[in-house]
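Chain lettering (A, B and C) follows the sequence in which the chains are written, and residue indices restart at 1 in each chain.
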Amino acid sequence: MTFAIQFLIDVLSLGGAYALMALGLVIVYGILRLVNFAYGELIMVAGYSMFLVGGSGLPWLIMAMVAVGMAVLAGIATDYIAFRPVRAKSVTAVLITSFAFSTLLQNAALLFISPRPQTVPLPDLFSETVTIGGAITPLRNLITIAAAVILLALFALLMRRTVLGIAMRAAATNFTMARMLGVPANLIISSAFAISGFLAGVVGLLWIGRIGTVVPGIGLEPLLVAFIATVIGGMRSLSGAVVGGFLLALIDTTLNYTLPQDLLKFRDAFTFSLVILILLWRPEGLVKGPASGQRT
Amino acid sequence: MKQHLLTAALLAGLVIVVVLVTQALGIRLYDRIVTNLCISLVLVLGLQLFMGNSGILSFAHMGFMGVGAYTSAVLTIPVQMKGMALPDLYPFLHGVELSPYLAIGAAGILAALVAAAISYPLMRLSDAAAVITSFALLVVLYTAMTHWSALTNGPRTLFGLPKATNLHLAALVAIIALVGALAFKESRTGRLLRASRDDERAAAAMGVNIPALRWRAFILAAFFAGVGGALWGHFITSFSPKAFYLKETFVILSMLVIGGTNTVTGAVVGTFIVTAAYEGLRGVEGVLNDAKVTAEPVIGLTEIVLSLAMIAVLILKPGGLFPTREIGALIARRMERKK
Amino acid sequence: MLEVEELEVRYGAIRAVRGISLRVASGELVALVGANGAGKSSTLMCIAGALKAAAGSVHLDGEDITSGKPETIVRRGIATVPETRDVFPDLTVDENLMLGSYIRRGDGKGVAEDRARMLSLFPRLAERAAQPAGTLSGGEQQMLVIARAMMSRPKVLLLDEPSLGLAPVIVDQIFEMIAVLKKTGVTILLVEQNVGKALSVADRAYVMRLGRIAASGTAAEIGAQTDLSALYLGA
């Protein structure tokens, strides 16, 4: 019983984090059909912002809000620098500019801050442990689950009940038609990037909370997670990204628990190989996205 | 046909001229730079023949470079050194010691086989999903290299490769790669692939098996990458898995993108330009560090400049410097107009 | 109200529209007919702002809207219903209609009135208000996109091939709706391949062939021309 609860908490907290990461990526992809390679760096920006305001003596929540705010700004900046100038040109061009922008940001952190890991202030709350049904887990995991549930619910609400959300869903299905109804294209896109930055910022702080330090390359793992969860989930579907995130967390946690010690370091290789197999079986992903009929 | 021969001749000629001049100058630094240039050419040409013809961005290329480098290493590190260099090596490989030239070929073949085995699922995916999965593939290969100590010495540096690569060998392989990339481009597979790139539905309707074509191109690209990796291994004689990951992917990609993804000429010209810029910027970094202008060593400047350059090129000339026509075709057109 | 002068639309090197001029007066229903490939849809899409004009101009009530982007064109009062129908399949009928009134979203009361009016005009849509638009039949989708366009209270309605792909009975219904809409005073520019139906609701018509205007006149005049087929197929 204890084991089951431990497993469940691990899967749910990891799944929640992964789902948020994936959602932040898909919201831009869904509307623009463009993959944001600099997405991981939004988490890096949140981390380094925390580091930079760390000495200010402000309450942690305020610092966290600053960090998330910076991630939002970085998201919008990504749109203006890496996407807008090349959006019309080709899908590949945008992939590459966002990759270049990602390299730019990472190396800027490297050059202007430091290649060495920097400490990020964390609330004591994160590391306090809680015992549930015999399973011991850091409070942070429960906070992650709560944050994921709240954010996913808010997001679903946004998408379904607000005009902005409906406009975004429309823009994701048929951008030109949405424009012909007066939906301001650029505003929609900036909103998508801003939301992407917000999600990245929040999940970034929770993610960094596991180690407590930030390095320039910290965004890589979340980026990969977001990528893979999105691809399994079906690229265009918001709910697919969430499903993909939880599924990936399930696979990862299961492998963590079951792989023999000496194979554990290959866990990522196993996870991704499994994913490649899933894609072999279902190239369009597991969840059907908005009907479009054409090549994604 | 004549245009293609002209392109091949011009590009090969460029390489030959640069090599001869370097040889004449006799400066070791230039020797190293140009040898690296030739090795980069092999890598970039491999990437070009996949990306340019299929239209799919692949991030996995450097992973196969690593496969090639490690394969050649295992096959050529002298038996006496094997114990020290690869302490966890599988017993059955202990006694193996091949000629580097054979090993380089074997490295390419093994990289191609690995690519053949794991990449087919990728080929059926749509553009964005394929790119993302190729990225995952890079990570898988990197993870394998970093942890499979039996074959790679893990994350630690692997020493002991015989220095078999010199300027001439690298140049020769580069020229062969050049001709190969051009030949592939104009082959039936290459043309069908390009047709499918431009209009997937029409091609599929004609019965073209797009995944199979992509797969073939990917395997060939991996072969180039493997050979390039082995060549590089035998030049630098020691390396670690970190040499086959994101930073290098970025540099190779920048060479291709700036020069022009869709043309072999673009691949070659881009390699020259970025190599020159890279070496120049590294030099600047070195000078700044020696002069202790800043408290901490200056790193990352090169990458920052390169990223800005890539973004600029993509904004101003999204197809690169040579977006559609090879140099042979461009010159042929000029001559036509003059008539 | 709507004035098009010497409009040219190009797809790369190909000139789809080679300098056409047409006028639509306030409250009129003008039909633009012609064979496939004549350039009718390109003309419409250019007015709507979805395609760039290579030359010429488009004026609405004297204002130059030639280079307007789709978002601005609709704000000036021109609503477009493209040939591709383009419902948002995963959004409900109601959500689709709501998007139609996007530019008037501050006016809650007005929007609600319009919604009620549209649903009474198109009772089939009222039945399916909460259904995803993708589950509607072709004819119902056509009604939806017309209703959606009307939700912005446009001065001018651009309709691109509303009869495309629909059964004759449904086409009749759609054109009845169009006639009703005309009575509400909205100006309509109708592109149609179905000449008979188009002329039955139109005041005037232009015939396009190979990117140019080949004939123009009242609906009766155009309908009476015996060499209409020649105009279509080329003499």
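The definition used in the following text is that contacts are C-beta pairs under 8 Å (C-beta built on N, C-alpha and C of every residue); 3 or more make two chains touch, one makes a residue touch a chain.
Quantities reported herein were computed from a predicted structural model and do not represent experimental measurements.
Visitor: Most central chain by CA mean?
Guide: A
Visitor: Look at all chain centres (mean of CA atoms) and spot the one farthest from the centre of chain C.
Guide: Computed centres place B farthest from chain C.
Visitor: For chain B and chain C, what's the span in angstrom between their mean Cα positions?
Guide: Using C-alpha averages as centres, the distance is 53 Å.
Visitor: In angstrom, rounded to a whole number, how far apart do the mean CA points of chain A and chain B lie?
Guide: 31
Visitor: Where the centres are mean C-alpha positions, what is the separation of chain A from chain C, in Å?
Guide: The answer is 42 Å.
Visitor: What positions in chain A touch 2 or more of the other chains?
Guide: In chain A, no residue touches two or more other chains.
Visitor: Spell out, as numbers or ranges, the residues of chain C touching 2 or more other chains.
Guide: Counting only residues that touch two or more other chains, chain C contributes none.
Visitor: Could you tell me which residues belong to chain B and also touch two or more other chains?
Guide: none
Visitor: Under the touch definition given earlier, write down the residues of chain C that touch chain A in their complex.
Guide: Interface residues on the chain C side: 48-50, 69-71, 73-75, 80, 82, 86, 88-91, 95, 98-100, 102-103, 105, 134, 148, 152.
Visitor: If we count contacts the way the header does, which residues on chain A are in touch with chain C in the complex?
Guide: 163, 166-167, 169-170, 173-174, 176-185, 290-291
Visitor: Going by the contact rule at the top, pick out the chain A residues touching chain B in the complex.
Guide: These residues of chain A touch chain B: 29, 33-35, 81-82, 85-86, 89-93, 95-97, 99-101, 103-104, 106-108, 110-111, 114-115, 220, 224, 227-228, 230-231, 235, 265-266, 268-269, 272-273, 275-277, 279-280, 283-285, 295-296.
Visitor: Would you tell me which residues of chain B are touching chain A in their complex?
Guide: It comes out as residues 55, 57, 118, 120-122, 124-129, 131-133, 135-137, 139-140, 143-144, 147, 200-201, 246-247, 250, 253-254, 257, 261, 296, 298-301, 303-304, 306-308, 310-311, 314-315, 318.
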